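Both complexes below contain subunit A, partnered by subunit B and then by subunit C.
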Partner chain A sequence: MRDVLYLAWRYLVYHRLKTAILVTSIMLIIYLPIGLNVVVEQSATQLTARAGATPLLVGAKGSPLELTLNSLYFSPEYPELIDYSAATMVADSGLADAIPLYVRFRSRSHPIVGTSLDYFSFHDLSFAAGRPMALLGECVVGATVAESLGVKPGDAVISSSETVFDLAGVYPLKMKVAGVLARTFTPDDDAIFVDVKTAWIIEGLGHGHQDLARPEAAPRVLSRSEENIVANASVVQYNEITEDNVDSFHFHGDLAGYPLTAVLAVPRDEKSGVILRGRYTDDDATSQIVRPVTVIDELLDTILTIQQFIIAAVIIAGSATIATAALVFMLSLRLRQREIDTMLKIGGSRARVASMLLAEVVIVVILSSSLAAVLTLLTWRFGPGIIESFVLT
Partner chain B sequence: MNLLTTLASVLIVAACTQDEQASEDTEALPDPPRVYTVNYPLAYFAERIAGETVNVVLPIPPDVDPALWSPDAETIADYQQADLILLNGAGYAGWLQRATLSQSRLVDTSAALADQLILADDSVTHSHGPGGDHSHQGTAFTSWLDMQFAAGQARAVFDALVRLRPENELDYRERLHELENDLDELDSRLKVVAERIGDQPLVFSHPVFQYLIRAYELDGRSVHWEPDETPGDGQWRELFELLGARHATWMIWEDEPLPETVSRLEGMGIQSLVFRPCGNRPATGDFMRVMQENVAALEQAFPASAS
Partner chain C sequence: MIEIGGLRFSYDEGDFSLEIPELKVAHGETVAIVGPSGSGKTTLLNLIAGTAVPQSGQVTTNGYEISRQHDAARRDFRITNIGMVFQEFELLEYLNVLDNILLPYRINRTLQLDASVRARAEAIAERVGIGDKLSRYADQLSQGEKQRVAVIRALVVQPPLLLADEPTGNLDPLNKDRVLDILLQYATDNAATLITVTHDHDILHRFQRVIDFKDFYAHGAEQFAEDIAGPM
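For the complex of A and B:
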């Protein structure tokens, strides 16, 4: 038997190009439907778990998917903005607790999530080091952020401008790391959490600057009257909030009109949730309320439909490939007729020659299956992350 | 003798068992909820309504005005651990804008009275860069000097405490009524004395009496003097300009003024009296006693016979 396997193996090695093409084709035919299934199953589990843990989201009327992906997975595309009063409205209804979300800015590739302390208790996030943010300009980083940026409590991270051409717009804000979250294997690991007011400061809606009434600011004052002081643009605005200057930070106007990307509503009970949802059914309403689990289910339905189409296409392509492979073997047998005759003439039995040819096919199939198994394993390990980044970007 | 020894042993064992049981009961009792406040009047209302059933905390040093106090990160962390945080509203305690606190635990006690808040008129607008004009205008915040407003805030404190400890609602309601009665009595006395004051112009040493002036229809103007500082020439000029042709005979201070200031005012025919806003916990007595002393001082300054 070993001689048969040896001859079959030597034949495949000698015709390595033909063997490689055959192995690759069969491997892909085996791997594609299985790998796709693994990816979809895992992604579905992960997406549904986070969506299922988030009861309701209030946001501006528009794409529910964009609202959900931005609020749950911190995707860079953010929905139309709503006013902070939307959060107050939810809280004042007495039907649900309201957790504001302002997911718009980034520090390098990490999302900056403007929210309140309730976010941590809602997602049951614990601290690996440090404490929650307490003052403006403090932040809490996820485990992945701490690892990739090499930061710990007491260090600082800097927000990024929205665009490289935004020279006169958002100033980068240096934020002090107050705490590091324990790893959760969710998008929270990759996020930087700040108070929503700090996010407004990043946007420039709140700021700290020299007291214009003080003598040090005199060179920058253009005119001064009892009711108004006009200064030039060289007034020093702080881009880092410290204990010394924190008292100079302030917001203008009514905070109720300040922007949010969403409000995470946590109903007191099921009935409260239904009543709350009923309040957003008006066609003229400028905001909407969505159940993330429904939105994600719809997304998964779409993905499953696409998956079914792909599997159907793979089955057709697979049939064609198997037919082609069979043809290759049959043609190969014809081409190898003289070689087979020679083996018979030098004393090889028909059974042994047939065994050798069969061994070639079996080795090709085993090689293809093994490679497909390795690929499936890799997909199981890294696939969800890849598809998540694909879906979210 | 044996019988006595046995009896004594049984009694000792029983006493020990009772002690252990009592100790276990004590250990089993959960800590009372922590209620943090931003000023003393709210702490007082919470203490009056909830008594020992909650732990009311006002972590502000006694010599500091809570309106201007700024906590450090550790104290904010203490506030973050509170089960309930009572806010005065009206922009009181500016540090709240700069701190991160759990929204679900904050209760603005003047939210339901927002339409009665008074906008402060002493702000200066400024502009720099592309942002345009803006001012740091705020709202007058010493709201509890209007006793009806204070009663409204006390009701908001009651609602918040009932949400925290619903099982105590009946007790809390009873104590709220007692507190409302006390505030009503103060309100009535203030109305009576305000009638006696009538149109007589008054000068207030600090712009913190807006709610008192409005609620009791006083003809009051404010300067910006500190009781423990000698007013400068500019401040005296400010007073002269403020008075103009009006002849004010009383200046109302938020704390005991310096004797030399009192003397100079008396030289101008202006007498001084103290009406403490009681924003922070007093060294002696409590909110109600301080307010009663305030009203008594007014009643003494404007006796019934003089009206």
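For the complex of A and C:
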């Protein structure tokens, strides 16, 4: 047996290009349906788990999927905005606790999630280091963020500008890291959490600047009345909130009209949830309430349908590839007839020569299967990352 | 060593037929077979080797009636008792020189490959001047080197009988002599029988006996039998 395997191996090594093409083709035939199945299974598990843990979402009328993906998985596309009053309305109903969500800004590729401290207790998040944010301008980072940016409590992260050309828009805000969350293997690992007011400051809805009542600001003051001071554009605005300047930060207008992307509603009980959902059934309403698990189930149904089509296509392509491989093998036998004749002439046994040819096929199949198994393992290991890359962005 | 009696052979297709009433080749004898193309020289080698089986008559090699054995037994006998050399060398392109030499040990379980066999293969290769080319592949060798590798493959099992089908047909004069030297030296050293089919009349003087198949057609089967019956 050892001699048969040796001869087969020498043949495959000598014709390494042909072998590599055969191995790759068969490996893909095996891997594609299995790998696809693993990805879909993992995405189903991951998506369903997160959605199942989130009872209700209130957001602007529009795509329920966009609302769900942004609120649960912090996808970059954000839904139409709603007013903060939507959160107040849910809380005031007495039917559910309201957790505001403003998921619009980013620090590099990491989403900045404007929310309240209730978010941490609702998702049962614990701290690997530090504490929750307590002041404006403080943030809590997920485990992946801490790892990739190399930050710890006391360090700082900077929000990214929304657009370089929007001079009146979002300016980078330097945020102090107050704590690092323990790893949860959910999108929370990749997020930076701030108080929703800090998110509004990032947007420029709240700001801090030097005190115009002080004498050193006089050159910048254009006019002064009892209620109002008008200054020119040279007034120094702060892009970092510190203990020294935190008191200068303020918001203009009514906070009830400030924007949110969603409100996470946690009903007190099932009945409260049903009643709350009933309040958003009006066709004329500007907001909607969705059950994330229903939205994700619909998404998975679509993915499963696509998966069926892909698997059918792979089976057809696979059959064609196997038929081609068989043809290549048969043609190869014809080309090798002289070699086979030589071995038989000098006294080689038919069984050994046939075994050698069979061993070549078996080695190719084993190599292909092994590589497919390795790829499947890698897919299983890095599946969540792949899902995030392809499904959520 | 070889005894053929009442042999009749023809292929399934075509009108070729070979009749040999009697042929004897003594132990240790070196014989050259010459004759026109298509006269049956190579067929005779195949019948002696057992790769072809006569319709009637018997072929006995080294006391073993090979023509009456079944296919597997003939193969086992051939790989241990007969070394075969071909005009086209018939080396396997995907094996290096050493693996080509050791091929008989890998394609029939009757032979066992061990360290002594490897050492013997390397020693013969060294002796015939290709000891430094054992890791090369066939396409990296000259014609003469290829035939030397093919000859060592035939010698490595130390067979009592060598069958060579035009072993010098594709070689220049220098390599022709070299290959013949190796074959004849082996036959002398090991008292082995050597039967060579050739078209090259310049080398006939180096053999103890020459069988000319032209006589078969000139004098008929009975006279041919007398001519080739050989010493007893």
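Annotations
The rule is simple: the second predicted complex is superposed on the first by the 388 of 393 C-alpha atoms of A that agree within 3 Å, B and C clash if a C-alpha of one lies under 4 Å from a C-alpha of the other, contacts with A are read in each partner's own complex, and residues count from 1 in each chain.
Quick note on the criterion: contacts are C-beta pairs under 8 Å (C-beta built on N, C-alpha and C of every residue); 3 or more make two chains touch, one makes a residue touch a chain.
On a predicted model such as this, the values are computed, not experimentally measured, just so you know.
Contacts of A:Arg338 after superposition: subunit C is touched, whereas subunit B is not reached. Touch criterion met: A:Asp195 reaches subunit B, while subunit C stays clear of it.
In the superposed model, A:Thr24 lies in contact with neither subunit B nor subunit C.
In the superposition on chain A, contact of A:Ser109 is made with neither subunit B nor subunit C. Touched residues of subunit A, counted separately for subunit B and subunit C, are more numerous for B. Once the two complexes are overlaid on the shared chain, A:Thr286 sits clear of subunit B and of subunit C alike.
Of the two partner chains placed around the shared chain by superposition, subunit C is the only one that A:Arg352 touches, whereas subunit B remains out of contact.
By the touch criterion defined above, A:Val246 lies against subunit B but remains apart from subunit C after alignment on the C-alpha atoms of chain A. In the superposition on chain A, A:Tyr14 makes contact with subunit C only, not with subunit B.
On subunit B, the positions that touch subunit A within their shared complex are 70, 72-73, 76-77, 80, 94, 97-104, 124-131, 133-136.
Listing the residues of subunit A that touch subunit C in their complex gives 3-4, 6-7, 10-11, 13-15, 338-339, 342-350, 352-353, 356.
Residues 49, 51, 71-72, 75-80, 82, 84, 86, 90, 92-95, 99, 103-109, 113, 137, 153-154 of subunit C touch subunit A in their complex.
Those residues of subunit A lying in contact with subunit B across their complex are 87, 91, 97-100, 116-118, 121, 131-136, 138, 168, 178, 195, 197, 209, 212-213, 220, 226-233, 235, 237, 243, 246-247, 249-253.
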